[in-house]
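In what follows, structures are represented as C-alpha cells.
Across the two complexes that follow, chain A remains constant while its partner is chain B and subsequently chain C.
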Partner chain A sequence: MAIKAGLKILKNSSWLGWQMESNWTDPFLFAIYSLVKPIAATLLIVVMYIVVTMGQVQGTFFSHMYIGNAFYMYVAQVLFGVSWVVHEDREHYRTLKYVYISPANIYIYLLGRGMTKIFLTTVSVIITIVFGVFVLNIPINVMTIDYPLLFISFILGILCIVGLGIALGGISLLTAKHGGRINEGVAGIFYLFCGVIFPISVLPNWCRSFSLYLPITYWLEAIRRAIFGITIDQATNFIPTSSVISILTVSTILFFILALNIFKIGDYFARKKGLIDMTTAY
Partner chain B sequence: MMFEDFKRPSYFMMNIRAVFGRAYPRVIGGTRELSWVFFDTILPLLGVAAYVYIYKALNADPAFIGFVILGGATTAFWLNMLWFMAAQFYWEKEIGNLELYMIAPISRMAILLGMAIGGMFFTSVRALSTLALGIIIFGVTFTLSSPLHVIAIFFLTMVALYGMGMLFASLYMLYGREAWHMSSLLQEPVYLLSGMYFPVKALGYWVAVGASLIPITLGLDAMRQLLWPKAASWGFLSPNVETIALAFLSIILLIAARYSLRYMENLGKREGRLTLKWQ
Partner chain C sequence: MAYAIETQELTRLFKTKSKKGKKEIVKALDHANLKINEGELFGLLGPNGAGKTTLIKILSTLLLPTSGDAWVNGHSVKNEAHKIRKEINMVSGGETSGYGLLTVRENIWMFSQFYGIPSKIAKRRIDELLVTMDLSDKANAKVRTLSTGERQKMNLVRGFVTDPTTIFLDEPTLGLDVNVSRQIRSFIRSWVREQSNKTVLLTTHYMMEADELCDRVAIIDYGKILACDTPNNLKRTVGKDSTIRLEVSHMSQPKRFAQMQGIKNFSYSHDNERTTTTLNFIIEDEAVVSDIMSEIVKNSSKIYSLRKTEPTLEDVFVSLVGRGLK
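== the complex of A and B ==
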C-alpha cells in the first residue's frame, strides 16, 4: 500500500516537473532550447582545447575530457534541479507549504521532480555524445562498450547525485533566494575535484587526496572505463575496476544516508524558524 | 502639517529616490543573510579553477590562466545582469511588485538602475574575490601599463551590459516562465560566444563580430590585451577600437532600452499581461 502511494507521488511529481520544464513554449522551441545549451557548454571546452592545441581534437585526453564533460551534465542539472525545487516551490509558486501539509512524502516528491531533470539531461548527454562521435570523431565503438559496467555505474552515480540534490534542498530550506547560488558552487566542487575535464593527477597533492574521497570521481572513472576500456588518469588507473565499483557503491550509500540526514536537519530548523513559506524578494 | 503642505519633489529627485529605494533592499538583504559571502566568494572560484587546470594540463601559455580568471570574474556581472536585472521584472511580476512600480510616478529605468546598483554590491564582491583569489592561488601576473584605459573599458562594459539588462528586462516584463528558461539559455552559449574563457578571436572573425553585440566580448578582449600585452596577438580588435565600439554600444543599448521599456509596458497594458502570474 505504502509502495503504491509512493509510486503515485513519484509519478505525479515527475509529471508536474515535466510540465514545468516543457510547457512554457512549443515543442519545436523546447527542442532547440534542449539542444543549444548542452552543445554550447561542450563547445566551450572544445574551443579551449583547440586554442591550445592549434586545432587538434584527437587523442585520448580529448576523448576523456569530452565524455567527462558530457556526463557531468547530470551533476550540474540534476543536483541543481532537485535543490532548486525548494526555492521555486517556496518563493515562486508558493506551494511548498501545501506539499508539506499534503500526504505526499517530501523526499519522494523531490525525487519525482528530479526524475524530469534526469530524463532531460539524458537527452542532452545523448545529443552531446552523438555530436562528439560524428562531428569531432570521438572514438566510441558501440560494440566494445562494457554495457553492464556502464549500467551499474550509471545507476549508482545518479543515486548519488540525487542524494546530493536532496542534501542541497535541505540547505536551501534555510537560505534566501540568492542562496540558490550554492548549487553552482557545489557543482563547481565536483567540476574541479572529480576529474571531469582534466585528469586529477594534474591537481596538487592535497586536492588529489580530496578527489579520491568523492564518489563522482569514481563514477566518471567507471563510465570512462566502460566506454573506452582504458583510463589516462595516473591517480586512478592503478585501481582495479571491481574496486572502483565497490568504492562507488559504498560511497553512494554513505552519501545518500548523509544527504537524507542533512535534509532532515534543514527541515527541522526550517519548521522551527518558520521558513517553509519564506519569500525573499531582494 | 497637512499633506498638501508637503512640497512635491522634482521628477529628477523622485527618480534618484527610486534608485536608492530599489538598491536598498538588495544591500540590506545581503547583510541580513550572510551565507552568500561564502557562496559568492569561495564556491564560484572552484568552477573557474577547473578551467585553469585544463590549460595547466595542456601546458598552455600562462597568460591563458589570466584570461580564465578575468573571464570568471566577469561571469559574475553577466549572471547578475541576467538573473537579478533582466529576469527580475518577471520575478517582481510574479510576487506582485511590478504593478506597484507601474503606478509609481517614476521612470522604469530608475528602478532598473537601482537593481543594478544594489546587485553590484554582491557582484563586485564575487568578481573581486575571484580575481584576488585567482591571482594569489594561481600566481597570475599582469602588466598594468594603462590603468585609466582599463578602468574606462570596464566602466563602458558595465554601462553597456546593464543597458542590455534594461533592454532584456523590457522583454522579460511580458514573459511568463520562458523568462527563466531564456536566462538559463543565455549562460553557456554566451560564455562560448563572448570568449569568457578563451580569446574570442579563436572563434573566427565573423563570429567574433557577431559576438561583439554582447558587451562583455569587447570589454574582455580589450582588457586582456591591456593586461597581458605579450598575448596581444590573441586580440580581436585593437583596444582603442573596442573602447569606441563599447561607447557606441552603451549609448545604443540605453536608448533602445528606454524605447523598448515604454513599448513593452504599453503592449503589456493593452494585452493585460503585466499582472499575469504563474503562467
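== the complex of A and C ==
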C-alpha cells in the first residue's frame, strides 16, 4: 500500500517536473533546444581542448575527457535540479508549503521532480556521445561495451547524485534563493576533483586523496572502463573493476543515508525556524 | 472528549532584528489555549500581526511551537505531523501560489494525487467544485492567466478537493471583491453545514466575516487569546453599553476623546478620500453624548452623521484591547 502510494507520488511529481521542463515553449522548439544545448556545451570544451593541445582532437586523453564531460552533465543537472526544486516551489510558485503539509513523502516528491532531469540529461548524454562518435571520432565500439558494468555503475551513480541532490535540498530549506550558489559550488568541487576533465593523478597529493573519497570518482572510472575497456588515470587504473564497483556501491549507500539525514535535519530546523514558506523576494 | 483542535499553553517566539540591529524576541503566540469541537466553524479574529497565521502554521505542521503543544484530531503537531497531514488541508488568502504553466484543472488534480485520492474521484470532485466556485470556464486556462480572485478560488478548490476532516483557512477572502468574497463565504458555510464531522478554522480580520460565518470566535491580539465564545455572546459582553458612531470632517487629534469621562472605549479611523473621520464610542451613560458633540464643535469639525449602533465584534475587540481592528 505504501509502495503504491509512493509510486503514485513519484509518477505525479515526475509528470510535474516534465511539464515544468518542457511546457514553456512549443514541442518543435523544445526538441531543437534539447538537441543544440548539449552539443553547444560540448563544443565549448572541445574548442578549449583544441586550443590547449594545438589542434588535436583524438587520442585516449581526449576520449577520457569527452566521456567524463558527457556524464558530468548528470551531476550538474540532477544535483542542481533536485535541490533547486525547493527554491523554485517555495519562492517562485509558492507551492512548497502545500506539498509539505500533504501526506506526500517529500523525498519521493524531490526524486520525482529529479526524474525529469535524469530523463532529459540522458537524452543530452546520448546526443553528446553520438555527436562524439560520428563527428569527433571518439573510439566507441557498441560491440565491445561492457553493458552489465555500464548499467550497474550508471544506476549507482544516479542514486548517488540524487542523494546529493536531496541533501542539498535539505540545505536549501535553510537558505534563501541565493543558496543556489551552494549547489553550483558542490557541482564545481566534483568537476575539479572527480576526474571529469583531467585524470586525478595530475592533482596534488592531498587533492588526490580527497578525490578517492568521492563516489563520483569511482562512478566515472567505472563508466569509462565499461565504454572503453581501459582507463588512463594512474590514480585509479590499478584498482580491479570489481573493487571499483564495490567502493562505488558502499560509498553510494553511505552517501544516500547521509543525504537523507541531512535533509531530515534541514527539514527539522526549517520547521523550527519557520522557513518552509519563506519568501525573500531576492 | 476529544477535540478537533486543541492547544495547550501554545507559545511561539520569533527572533528578529530591530531597526537599530539589536536582536529582539517577538511573541507571536503567548500561551494560547483553545478547544475547537468537531463540526465547528471556528473563527480567529484579530488585527494584522496578532498571531493568527502563526497559529495556523503550527496547526498545519508548517511550524514548530517554541513551547506548549497542539493537537489536531488527537495528533500532536510536534511528533505526529505525518498523521495530521492525511486529515488536513490549508488555504491562504492574498497569495498567488500555483504552477503557472499548468492549467487550473491540472494544478488541482496534481495536489489531489499527493493525498492519494483515486483519479476518477478527484476529477469528479474538481468538476463539482469548479462549478460551485463559478470557475468552470477557467478549468483549462493556464494558472498564470488567472486574476487574483480566480487564483484564490482555485486555491480554495485545491484545499477542499481532498475532502479534509479539518481545514485551515487563513484570511480566505483577503483582497477579494465583494461578490467573490460573498461566494466564498457561502461555499464555506454550506461545506461545513452539510457534513457534521468537518471542522473549519478560519482566520480573518474582517469582523463581519467572523460574525456571519462562525459558530464561535476567539479574539486574539499580540498572541494572546482574549475571549472565546459565540459571536452573540461576545457582543452581549458590551451589550449593556451604548455604541455611538459619529462621522465628522477630518480631525487631526481624535485621540483626546479617549481621556473624556464616561467613555468606556474609543476607536477612530480616517477616510482620506472623503476627508472624514469616523469616531466609535462605547459609553456607559448616554448623557456623555452632549459632551462629545461639544468637543467636536469646539474642534471646529462638522458633524455629518450620528448613529447609535448594535454592538459588533469590533466593539468587542475595542472593549477588550482599547483600540480598533485596523
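Criterion: the second predicted complex is superposed on the first by the 282 of 282 C-alpha atoms of A that agree within 3 Å, B and C clash if a C-alpha of one lies under 4 Å from a C-alpha of the other, contacts with A are read in each partner's own complex, and residues count from 1 in each chain.
We adopt the following convention: a residue touches a chain if its C-beta (ideal position, glycine included) is under 8 Å from a C-beta of that chain, and two chains touch if they have at least 3 such contacts.
Owing to the predicted nature of the structure, the values given are computational and were not obtained by experimental measurement.
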**Report entry** First (chain B), second (chain C), both or neither touched by A:24
**Finding:** both
Between chain B and chain C, the one with more contact residues on chain A is chain B
Between chain B (first) and chain C (second), which does A:126 come into contact with in this model arrangement: first, second, both, or neither?
neither
I'd like to know which partner A:254 touches here: chain B for first, chain C for second, both or neither. neither
Notebook entry, point to check: So, A:155: does it touch chain B (first), chain C (second), both, or neither?
Noted result: neither
If we overlay the two complexes on their shared chain A, which of chain B and chain C does A:188 touch? Say first, second, both or neither.
first
| query | Which holds for A:93: it touches chain B only (first), chain C only (second), both, or neither? | reply | both
| Touching partner for A:230 - first (chain B), second (chain C), both, neither | neither
On chain A, the footprints of chain B and chain C overlap at residues 20, 24, 93
Note: in the complex, chain A contacts chain C through residues 5, 8-9, 12, 15-16, 19-20, 23-24, 93-95, 97-104, 109, 271-272, 274, 276-277
Contacts from chain A onto chain B in the complex sit at residues 20, 24-25, 33, 36-37, 40-41, 43-45, 47-53, 61, 65, 91-93, 175-176, 178-179, 181-182, 184-189, 191-193, 196-199, 202-203, 279-282
Counting only contacts in the complex, chain B reaches chain A at residues 25-26, 29-30, 33, 35-36, 39-40, 42-51, 53-60, 64, 91-92, 94-95, 97, 118, 122, 176-178, 180-181, 184-185, 187-189, 191-192, 196-199, 202-203, 278-279
Per the touch rule above, chain C residues touching chain A in the complex are 14, 57, 60-64, 82, 85-86, 88-90, 95-102, 106, 110-111, 113-116, 158, 162
